[in-house]
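Two complexes come next, and they have one chain in common, chain A, joined by chain B in the first and chain C in the second.
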Partner chain A sequence: MQNILVCYKWILNEQEIKIDPNTLSLDTSRAKKRISEYDKNAIELAAQIVEAQGGSSIAISYGGADVKQSLKDALARGPERAIWVNDPNSDKADAYVTANALAAAVRQAGDYSMILCADTSADASNQQVPLRLAVLLGIPAITCVIKLDVEGEKVIATRRVGDTTEKISVEGPAVFTVLPEIAQPRFPTVKQVLAAGRKPQLELKVDDLGLESEKLTPKRTLREIKGYTMSRKNIVYKEGTPAEIAAQLVNNLIKEGVI
Partner chain B sequence: MAGIWIYSEDIILAKELVTPAKELAKQAGQKVGAIALDAEGAKELAALGVTKVIVLQSSSSWVEAYEQVVADVLQEEGADIVLIGGTIRGKYTAAKAAARLDAGLLTDAVKVMLENNKLIAERFVYGGLAVTTEELSFPAFVTIPPRSYEIMTAESEQGEVIVKEVTAEPGITVVDVIKTQQQGVDISKADRVIGIGRGVEKLEDLTMIQALADAAGAEVGCTRPICEELKWMPIDRYIGISGQVIKGSLYIAVGTSGQIQHVAGIRDSKVIVAINTNEKEPIFTASDYGIVGDYADIVPALTEALQNAKA
Partner chain C sequence: MGYPFTEEQEIIQQTAREFTQEYIEPVAAEIDRTALHPQEIVHSLAEQGFMGTFLPGDFGGAEAGFLSYALIIEEISKSSGAVASILNHHAAMAAYSINAWGSKEQKEQYLTAMCEGELLGAFAFYEPDAAPGVGEHKVIARKDGDAYILSGRKCYVANGGVAGIYVVFALTDLGAGLKGMSAFLVDGDAPGLSVARTIKKMGLRGCQSAELIFDNVKIPQSSLLGTEGAGMAIVAKAQAAASVAEGAIVVGIAQAAMDDAVEYGKQRIQFKQPIARFPAIQTMLAEMATNIHMLRLAVYHAAGLIENDEPFTAEAAMIKLFAARIGQSALIDVVQIEGGYGYSEDMAVSRYFRDIKGVVIKTCSVDFPETVIAKSLLD
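Entry: the complex of A and B
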């Protein structure tokens, strides 16, 4: 039986962020938050393991007040419980602070047999929270997992590292970060959404975790954020037969000197 | 030895890192040190003017297992700035070593600078939508992607090489390692690329795409889901923020929506063409020429037009 902790981050949907072409500033006013893309795959994997082997999974997220809104969505995807680590200063947090807060929350969550994360968050792309978490908890970490086989006490993780596939065997609790192909996230059904509303949610205030203020002080400071823009010709062909359009395009490509 | 330290399990990447490390060292009036995993590579680093190269030797073949020893050496040496090669294994080592030293780490920096005893780096966030400037106080860790810097020519002054026998205990067992056959083409170097996305409905249509590539003198690349979900192409063919970055003269996107994570890998191309049925997709904003239509009609027509143009 597996007791799985699965970590997800509640982030802005980057597709809804607009860039001001003059100032290059980011307009996030119309961007909604969502579960970081690949964390959904990790949550799905947790659900599949529990469905196949029994046990339970707990979803954990560290963030600000708005993380509360995410709990139902996370729970509809399978976990039995959700823990929300609430930090009013989370907007300044870096991977160091995030991992310290998550590690403290994990210690309070009780026994666990594995911790699942995605390989990268879709906003910050730190690729470090799960590894830092493993160091803080004193357990191994296996990244880039594309297959996870639970065989009793032993877990066999298949990793993809560039052009190499590695099989790793681990005994005892470990952190695994997954690549998206490991499991396709479900679209929660109405029934699952309704059931999610009745599942337990636990809020942990970061100040109650017993962390020294040093551990909640980011190492990283953000100086500036600027949108990346490019100007393209944006010529669009809609009218005409495919042959006519193709001929026009090829003419232009010849003029551009790229053919 | 305080100063700027570099580490990569990949010796070519380690040599690339010497370039920015020396730049930073010059500014800081400090020296460059390196940690290497083999004695031959260490000599090459010393020849590039790295003052002190420490070779870690152990029986472990799982490179990730060295993270603890790497952290120990960096701590003993009192490293201020640590540049680590941004491979998957390098990022693993970087994150764990930084955690052990309670240090900050900036992943995948595209630019590194020094200012008032702080490390400043630029990096992409939101899948390439924005660039941030971030700062860290010392000790500061940063990972740098492969091929970001040219390797310098060897210096007359050689550094010293110190070999250390260490134990690297991974706490896991490597059961099996399979190296997949490299498919030959490196699309990051191709001048023209056709990139297919999930809009391409069936595997058989790759024949049609290949015909277009032949007519255009192009290689075929793709979006991430084509490799990971559909497994139609080898993993080194996908383009984007987490895959290959192409910088050639022509990119033709066939049935790709143009999400930022993909566009981040194509936006240095000179000319971008899109073929997509849905005019509202972001790929049209990212393109010079967009064709609203079904690839099944457009691709053969374009192939023919290219063949005619050459004839």
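Entry: the complex of A and C
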């Protein structure tokens, strides 16, 4: 039986962020928050393992006051309880701070046999927190997992590495970062949503985790966020026959290194 | 959070949105083209718990309230008014009536199966050629010992022919006019019940409408819903509840159409600039955005009244009146903005246009909404 911790991030819905075409500044005023899409795959995997093997899963997230809104959403997807690591300064946190806070919370969460994380987040895409978490907890990290088989105490992870796959066997607690194809998240049913409100939620204030202030001081300073726009060359091929125009296009694409 | 929603309502709304995008949007145009009842989609709705959203937990429902139901209906309508109508006739008309008026035994027999999607509900009220209980084909229920025998015809029965349970209205007292109307629960496979024809419609095509023949359909006395003569009270209440949800359908369709028009307006270049920059286009968009917003708030408010078991018939009539006006005007403006493209069947707008018309006319109430509203002011 597995006791699984599954990490998730509560992020702005990127589809609702508007970019000012002139200043490239982001308008997030109308963007709602949601569980990072890739994290839903990890939560679903935890639910499937528990359904098949027994055990339990706990959802855990680090963030500010707004993360409280995410707990029922996470719980509706399967976990038996949720832990919210509340840090009022989380908007300035980097992967270093996030991993420190999560590691401290994990140590308080009790016994666990595996920690599941998405391979990346849908907003920052730093891919750092799971690996830092593993280092801090002193347990192995297995990345890019597309299949997870539990055989008694042993967990066999199939990793996707470029065009190949490799299988890794591990015993004892480990962090697994999973790719989206590992488990297609189901939509929570109406009954599951309502039942989520009856599941236990635990708030851990970051100041109560016993971390030195240095551990909660970001190593990285975010200076600016701007929208990304693709600059287009706007070349229009007007002269020549269709065959000549096609040749010009192909030559230019070769010159640009596109083909 | 939007409107004063609970966290649960927000999650249900978001889930319904994502569910609709994944399961309904890809097949919405095909459902319209083929006009076939989308059984697989209905099955998915049941799995998701949408078929019994507001029904009591004791009978298999989710007990999530009518506002959650309205949110689900609105989201589904953004992709398919037909699927939303199937759900609405099942839930807000048939299941709502059984829940409000049914005996414990009737609820146990039907509601659990309706929540689980094993039984689709339908509401058989209208009759060919004349108002119910008046014309040549009126459905009459004759008492025969411990049974009733139903004969006559019903028409425009949404979910007709695919439903497993019908709430059927029939005269039990021929001399009492509409006061002699009673409601009965009739199984879809009852001997003597047959489909005369399915009705080809302009819109809401996947929501099958049928004309039904009741040829001496014998049903036990226990099939009576409520009491003899309670038929019109059941109709009025169910139609009022359904009107609120139909307001949500109009909101959903109109919102989808407006979103289409906004995108089109940004991309369509005329006189070297996007047409969305023209004041005439902006005026139309502003008007429809305002109307949709107002209707949406009215729907949420009335759904809250239903949920809290407070009087809601006047508010439901206001929704019916307003939805009919603004739904059609929004779609006329969207077609105008999209011009020739909007008029073509290549775009979803023509489907939205046909569907929204169906929503605002198909369940015309016994009284005009103006009458209901005025009555609430003057009585």
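The rule is short, and it goes like this: the second predicted complex is superposed on the first by the 229 of 259 C-alpha atoms of A that agree within 3 Å, B and C clash if a C-alpha of one lies under 4 Å from a C-alpha of the other, contacts with A are read in each partner's own complex, and residues count from 1 in each chain.
Going forward, contacts are C-beta pairs under 8 Å (C-beta built on N, C-alpha and C of every residue); 3 or more make two chains touch, one makes a residue touch a chain.
None of the values given here were measured: they were computed from a predicted structure.
> In the superposed arrangement, does A:Q127 touch chain B (first), chain C (second), both or neither?
first
> Once the two complexes are aligned on chain A, which partner has more residues of chain A within touching range, chain B or chain C?
Tallying touched residues of chain A, the top partner is B.
> Check the residue A:D73 against both partner chains and state whether it touches chain B (first), chain C (second), both, or neither.
In the superposed model, A:D73 contacts chain C only, not chain B.
> Between chain B (first) and chain C (second), which does A:T189 come into contact with in this model arrangement: first, second, both, or neither?
Second partner only.
> Who does A:A65 touch here: chain B (first), chain C (second), both, or neither?
Neither partner.
> Tell me the contact category for A:A52 with respect to chain B and chain C: first, second, both or neither.
neither
> Quick check on the output: what are the common chain A residues between the chain B footprint and the chain C footprint?
Chain A residues touching both partners: none found.
> Would you pull the chain A residues touching chain B in the complex into a rising list?
12, 14-15, 17, 19, 26, 94-96, 99, 120, 122-128, 131-132, 134-136, 139-144, 156, 160-170, 174, 179-181, 184, 218-228, 230, 232-238, 241-243, 245-247, 249-250, 252-254, 256-259
> Any idea which chain C residues touch chain A in the complex?
These residues of chain C touch chain A: 1, 7-8, 10-12, 14-15, 18-19, 22, 47-50, 53, 62-64, 68.
> Please give the residue numbers of chain B that touch chain A in the complex, ascending.
By the definition above, chain B touches chain A via 87-89, 91-92, 94-96, 98-100, 102-108, 120, 124-137, 170-180, 182, 192, 216, 224, 228-229, 235-236, 241-242, 249-250, 259-260, 264, 267, 270-273, 279, 282, 284-293, 297-298, 300-302, 304-306, 308-309.
> Which residues of chain A touch chain C once you look at their complex with the stated criterion?
Contact set of chain A toward chain C: 34, 69, 72-73, 76, 187-194, 196-197.
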